[in-house]
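Provided herewith is a single structure, encoded as structure tokens, for subsequent inquiry.
Per-chain numbering from 1; labels A, B, C, D and E assigned in written order.
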Amino acid sequence: MSGNEINRRDFLKVMGWSGAGVALAGCDMPTTVTLEEGKEKVTSYVLPEEYVIPGVGVYYASTCQQCPAGCGIHGRVREGRFLKVEGNPDAPLNHGKVCQMGQAGVQGHYNPDRITKPLIRKGGALVEASWDEAMDLIKQNVGAESTLKGERFAWVTGTVSGHQAVLLQSHLDAMGSTNHFAHEIVNNAVSQAVNREMLGEAQPAYRIDEARLIVSFGADLLGASQSPVHFTTQYAKFREAPRGVLVQVESKMTLTGANADLWLAVRPGTEGVLALGLANALLVKHKRDAADLPADVRDVIAKYDHDTVQRITGVAGDRIVKVAAWLNSQSPSLVLAGGSAEGQAHGYDTAAAVMLLNIILGNIGRTIVSSGDLPFAQMEAKSGNTAGLLALADTLDKGGLDAVFVYNTNPVYTAPSHLNLAEKLSAVPFKVVFAQFPDETAMRADVVLPIHSPYEDWGTHVAGYYGNQISIQQPLMEPLNPTTRGFGDLLLGMLKMRGVAGYADFEDYYGYIRQAVAALPAEMKADAGSEDKYWQQVLQRGLIPVQRKPRSLTAKAIAVSLPDYAQDSEYPYHLVPSPRLGMWDGRYANIPWLQEAPDQISKVVWDSWAEMHPLTAQKLGVMEGDVIKITSDQGAIEAAVYIYKGIHPDAIAVPLGQGHEKEFSRYAKDRGVNPLKILSPVREAKTGELALYGTRVKLAKAGRNEALVKLGGTDQQMGRKLVATVTADVFRRTEGGQDVA
Amino acid sequence: MQTKDINEQIKWAQINKDVLRSMENPRMAYWVAVGTCLAMLMCAVVAEIYQYQVGMGPANLNWPQMWGLYIATFIFWIGMSHSGTLLSAILHIVHADWRKPIYRFAEAMTTFSLMTAGLFPMIHLGRLWNMYWVLPYVSDRGIWPNFRSPLVWDAFAIFTYLTSSAMFLFIGMIPDLAICRDNAKGWRKKLYTALSLGWSGTDRQWRHFRKTYLLMACFLIPLAVSVHSIVSSDFAMSIMPGWHVTSFPPYFVAGALYSGCAAIITLFILLRYFFRFEEYMTIPILEKTCKLTFVIAMAWSYLNLIEFAATWYGHDTAAKEVLWDKFTGPYSPYFWAMLFFGSVLPFTLAFEKLRRHLPTMFVVSLLLNVGMWLERWMIVSPTLSLSYHPIAWNVLWPSMVQWAIVFGSFGWFGLLFLVFVKVFPSVSMYEVKEMVYHRRRAHVEDQAKYFHRRLSDRQPATDTPSP
Amino acid sequence: MSKHRIMGLFSDFDQAFAAVADIRAYKIPGVSVDDVTIKSPIEHPEIEEVLGERPAHVPKFTLMGALFGMTFGFLFLASAQATFLVQPQGGKPVVPLPSNIVLTYEMTILFGVLFTIISFVIGSRIVRKRDTLYSEMVSLDQVGVLLEVDEGKAQALKDLFKAHEVVEIREEVVR
Amino acid sequence: MNAGRGIVWSWALFLPLAVFLLLMMSSAQVYAEVPNAVPPKGDHKGEDVPQPIEFPHDIHAKINEINCMYCHTYARRSKVAGIPPTSKCMGCHSVIATDKPRIQKLTEYWEKREPPPWNKVHDVPDYVHFTHEKHLKRFVFDNEELPVERVSEVCAFCHGEVKNMTVAHKVKPLTMGFCVRCHEANKGPSDCWKCHK
Amino acid sequence: MSLKNILENWSNYRRDREAGGHHEYEHMWGMAIDLNKCIGCNACAVACYAENNLAIVGKEKMTKKQGMHWMRIERYWGEPDLDKLSQSSSQYQEHGANFLPMMCQQCNAATCEPVCPVAATFHTPDGLNAQVYNRCIGSRYCSNNCPYRLRYFNFYSYYESSWPAPLHLQLNPDLSVRDKGVMEKCTFCIQRIRVAKDKARMEDRVEKEAAVIKVGDSTFRAAAGRGKLEDMEFQTACQQTCPTGAIVFGDMLNPESQVRKLWDGHQVSLGKTKQTKQNPEKRGYRVFEALNTDPCVMYMERVREV
């Protein structure tokens, strides 16, 4: 095995080759032909590898680590350089497709701002140190001989799964701690809680491809969601003839909203009311059978008649009638809550109201089906949420932590300023951050350990959504910087440091994973023949399919109580801090491709902006590019406005992503604002999540104009036939399928 | 009031003296002018070096404003070059002898503005150092330029025109160079001896000279028309709205003659003032030039209107958008300024009082050329800022790099012209002599018709000569 | 017998022409008007009245040049295009006539002009050492009448010049 | 005209002619053997490129008659011909000629697990995407009359008679004209995008 | 360069596109983009950056519109076709956005080609609109004459600024990195086409016979010895990554190819300035077809339920 290892490491080495160098056409001023002799070097392999031919790209299967979705990828490698991410066609999760963040992973890997050496805080500043120094420090503080008490230690991570989660848990156990704060801004924790109560399973599978109608209340399936590529591939099927109808209800147009047949602007926070109104229409107007519904539920629904809903939500009556009619006629349908619907103080009730619709329409078991249980429960994804962040802040408040290990999350950036996380974290005596980049959290650590990029490291992952496989992450190339180390290796080292039994035999994380794969039940590798063959097969496919144990979903209707819409005279507007496919929660602001890739909706690049409805703009007297000051009770941010009709007049949307500290990246430096910073301390009442969309703000003109940097000169087609649109009935006539209604 | 084009009684020696004097003893003002032009040129040189090193970005060119002022100014200078041909070739063929005192500097202007114009297609290239690839040379690689491209036509046309007009200028100057040779000393003697090619004024030389000059004039007229037509096809041959206009070739030619004439008026007044050429560059000649300019201005205005009308009448909506944008869009101030300078201001030329007032004419002629420069800019930029695909619509103003190069091109032209007037006779001496000779002779013959008749009745003594 | 080259300089053009007219009328036997060379500061068509038609072959050269430019231009372009078959452009044929016509036109003019200039240089016997019998007055305002005559007729010629108010007579003996 | 001068003149004319003819004949002799191919024309006087180890091509290719593709094994499978991996060298030289200083130097590299830093001799501009495999296919593998053993004659089209050199020496210009003329003669593709992209 | 050549082949050399052209084709690469499926997510655009060594220009240069987005997703709010249908004009963007992925349309009668003074852009035997970077002198005429505005110019030398070490290690060695003063545009991933064609040749998958192939109204003379490629044997970077599969790419000369079937199915034909469809409700159309550029990219109309 180890002989193999050396071999493999060797051929992955970066090499210069004829024609493989950087080819510059015209960098040859002023002569045009550079026929040089002896100016370039050619390097040969020391040892040849059979299937590696210089000049020919080789593809290795691996798993994308850009977001928690865990798509299967193929990495293109040439001459030891990892060049491009491509989808793994064998991966049932993403069918060979990747989103832009997946594509951009390469630039994270080769990022010029990566941390390459361990950093240790000395005299207030982080200075480069050797690994030995860093590990000694860690050993001192959290090693077996340290005085650290169990509960005073914590792990802060993003979503973790697979053997990473297993080892992490082992480490926590070894430390005697239960403090694992998993934090993600883009999450569906509220929905999961609702699902757990109403369906009996936190994360059922949505059969978008099966649905004929999707009504999404703020769930940005195609954009910032649990598994954007998976949902999008399903969406493609959904749109094939006979074409399904997509209705999106939200207050700021998301990418999903931009693709909706009907996009309904709802007054922020009243999505649940609309859901109940639809339920009302279904029961009253369409005489849906409500016998199964408990009386209290029926009472609640009865309150929301047409006029009430229209008044509260601000949605035109005919639209409500239309959606209700569609819901009635199109079956199976799928009604989803997410994002802006959940992120309110009453998010739980909103999500529950939406789920009620599914129950009334009988979608449970048809378009909402059980995901089942992973046979290896310890590898199941531990999904991050904002409650994790709040819990961390609360624990820190109590001064309850002496050592914090942070991995794959950046809470100092994502935490609202009212949490005061940076200061609280500074008070912790020992903070270790396992980081690729000098992000805000890393810059406040006592020890920063540079880890491999996901393309240099081994790993296994189980997707939080559609985790029907153990995804294998294998290195695509030799570590770019010899001084970085794999997170798994470090974790294993940490375990060994605590002297945990059972880990001493593993030389490294690779060995551990290999051992774990070898230990899989025999029936899973029946057709492979030998152990080595199976391992090769696994590496070639990049995943191990897993049969999940299905459950049956319950459909328990619960009564919800939703507040009436309340005006706020001081802070009349609602802040929508919108995550987007690309910048995500801000972690990709250091990737130039994603900075330069325009936002799907506003087409703005390299900056923050504030989205605003023309009516609001008229009221404020601002034009596109005018800077406005957005003030909440927690502070103020300034951004130039983008005006369009895809937002409710009461809402102001500021995208996540920018506003990083200057150390993070040359590409994110002095760029835009971070709307998360001004969030009010509103929490979702039942789950304790941070109500991301529950902040009220006031707006004021800043009195200056900063032209928005956008792709494109105009938003209109100016009479050209650029994008032509036909109605769905024409589509069905020519390409098959029955008409809606 | 002076009515005669020229004083017929002027002594020929005086002509020689006056013109040769103008070539000598540069005064302080001359050196100041040279210095100014050099300074202007240096602006362009610095800007161009910067652009060469860094790329076309600092010029504030963008997607899709790829051309900007460079090509606009290129057309402007090409247009300017049409004056010499017009005055010298067309008027020569129609025997309008009032051209004789003023055609020389007009031809020089032609050559120099072509030399200026030719720089711009090079300057605007992203990879200037590969410019020679446009030339059809037999290459080792077996590749050729694309002869379908109007830019290659430009290269051909400009090369032909520059060669022809420079030769036309030179050939027409040979007798004058002989005069210079006969009166010069030192390095000038050597220079003029070489340049005058041994001209001695024999009847054989004059005979060939006359035919050559006439034939070249005949060639230059269609050539000049074709040159600006070809330049117009840079635009007319494209499919861009506002460029794809059938009337562009005559429109460009008219505009070219127009700006050329306006420039002649400017230089006429300057030369007359600085070189005391009152005897030669007389007010009546200026008046004739002004009238000619006025006519051309009206033709140009008409072609403008026709272009608007044709666009308006057609159903090319994109072209209409461009037109409407010119009227009302961000470029409208310049567009209306162009129309004012180009179509309204020339009416000053229709008034004799104004025509004869040199300061007024000086200012007017300068403004006419400003208008003509704006015209070229209004051809290039609005279409680029607004085309078929609205995604690329934008307005980007030229940066200092572009302005510096445009500004410097005037310095380069001025420098060439200043050197010319001190090295070469800027008034054609021999042709002024011819003009005087023929006019006086015509006058004398008028008076002596009677004697003529009497003389022609004479019979020779014998029919056959004695051996 | 030596030849004499005699040039009379006249300030009055009419007198000079009258002198030539006298030669034309064989006032001096054996001296023909064909031997006369006139040196003049300006170009005047009247000379032809007294000298008679003398040939100038410029237009023929011009025509040749133009024709050459036309054929050469077109063939050059067409053959260049026909050897460069890699490059179909926008659905246009290999040898596109409209653009070739434009370029052929330019080549026609270019070669027409060049040949005209060549014929001028050749035909006018310019670009050679200047005649020693040259007066700077010719470039100012005097007309010179130059003849090469036998020794015996030199005096008669001078007399004839003097009869026409010659300003100056220059003479040199050839061989 | 005297006789001596005549002789000088005739020699002056004859010598270059003779040299030219000889060159023509010799080059024809070199290449005439490759059937179904018109060899490219053109010569170039290359510089001496110093190499970490003065590799003797002559010993390998001429004396020992090792096929070019034995070492430059990628040539038939990739756009680059490749330098043989050090292990391939050591395959023989762990036993053969181990006492030679060049081999000792090679062994040093091998023991350090470092490839020798070879300098590139035949380099084309980076915007030229030449591919070895298709040329070998056209002239060797698709060329029924040329056995693979004689591949060096095809290699010599562009690399010259490497088997007569120690370290490789550039003897062909490798300019675009050189390529284009051969493409014309052998009816190779003329699309610019075949090589430039 | 001989007179004989011209005289013998005169009629051949005078043939334009409508008459089949002088050219013999190996392929005719085409694309079909379904706007019903396109969600405007931008994955294709970033994949294009990754595949084709596109430079990152930064905010200031994006402000000046000097970006290099070969593949751009245009987004329009106005929807003239639906405004007619929906009775009430809402104060909201009720039907979402109009997304249009726009890349070089690889026109068969490209307007950019004839105007290039040095023939750096031309039509390849693959039916592609080639741009030879090292021949380009940067006159930018092609970009000015492109009605789709999808030619991008290197206004600066981006090598240092766009790929600071070690980002340069990501550069795709299969195609050149463009320096300042060079025009560039979408190539339909020529490097991938190249690899696939080379592979077909190496495996002796060759069409022996010349053929005359009709694609809609256009006739193409296909060369003998052209490579025989399977449909979907390779994909362009944008097609490969497109999560909804909205982009279909393939050889129009191959009657079995998906792209050809889509074109035929939507009754869109090459070589027309106006499509004459038997069923006018079919969704296929080409952008700016009336300009007679004959683009090889067909779009299928966006669909909305109203």
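Keep this in mind: a contact is a pair of C-beta atoms (placed from the backbone, for glycine too) under 8 Å apart; a residue touches a chain by one contact, two chains touch by 3 or more.
All values derive from a computational prediction rather than experimental measurement.
A.B. asks: Please report the smallest number of touch steps linking subunit A to subunit C.
C.D. replies: 2
A.B. asks: Chains in contact with subunit B and with subunit D: which ones?
C.D. replies: The common neighbours are A, C, E.
A.B. asks: What's the farthest chain from subunit B if centres are computed as the mean of the Cα atoms?
C.D. replies: Most remote chain from subunit B, centroid-wise, comes out as A.
A.B. asks: Ranked by contacting C-beta pairs, which pair of chains comes out on top?
C.D. replies: A-E
A.B. asks: Counting only C-alpha atoms to place each centre, which chain is farthest from subunit C?
C.D. replies: Most remote chain from subunit C, centroid-wise, comes out as A.
A.B. asks: Name the most central chain, where centre means the mean of Cα atoms.
C.D. replies: E
A.B. asks: So what's the Cα centroid distance for subunit A and subunit B, whole Å?
C.D. replies: One centre to the other, that is 67 Å.
A.B. asks: Quick check: how many Å separate the C-alpha centres of subunit A and subunit D?
C.D. replies: Between these chains, centre-to-centre, one finds 55 Å.
A.B. asks: Quick one: subunit C and subunit E, Cα centre-to-centre, how many Å?
C.D. replies: That pair's centroid distance is 62 Å.
A.B. asks: With centres defined as the mean C-alpha position, give me the subunit B-subunit E separation in Å.
C.D. replies: Going by mean C-alpha positions, subunit B sits 44 Å from subunit E.
A.B. asks: Specify, in ascending order, the residues of subunit D that touch 2 or more different other chains.
C.D. replies: Touching at least two other chains: 125-127, 129, 175-176, 191-192, 196.
A.B. asks: Can you tell me which residues of subunit E touch two or more of the remaining chains?
C.D. replies: Answer for subunit E, listing residues that touch two or more other chains: 67, 72, 74, 111, 114, 116, 119, 122, 133-136, 157, 175-176, 180-182, 288.
A.B. asks: Can you list the residues of subunit A that touch 2 or more other chains?
C.D. replies: 17, 19-26, 32, 711-712, 716-717, 719-720, 722 - these are the residues of subunit A that touch more than one other chain.
A.B. asks: So which chains end up touching which?
C.D. replies: A-B, A-D, A-E, B-C, B-D, B-E, C-D, C-E, D-E
A.B. asks: Using the touch definition up top, name the residues of subunit D that touch subunit B in the complex.
C.D. replies: My answer: residues 175-177, 180-181, 184.
A.B. asks: Could you please specify the touching residues of subunit B with respect to subunit C in the complex?
C.D. replies: Checking each residue of subunit B against subunit C gives 12-13, 16, 136, 142-144, 146-148, 152-153, 156-157, 159-160, 163-164, 167, 171, 174-175, 178-179, 181-183, 197-212, 215-216, 219, 222-223, 226, 230, 233, 430-431, 433-434, 437-438, 460, 465-467.
A.B. asks: Quick check on the complex: what are the subunit C residues that touch subunit D?
C.D. replies: 85-86
A.B. asks: Give the list of subunit D residues in touch with subunit C in this complex.
C.D. replies: Residues of subunit D touching subunit C: 190-192.
A.B. asks: Looking at the complex, which residues from subunit C come into contact with subunit E?
C.D. replies: 75, 78-95, 97
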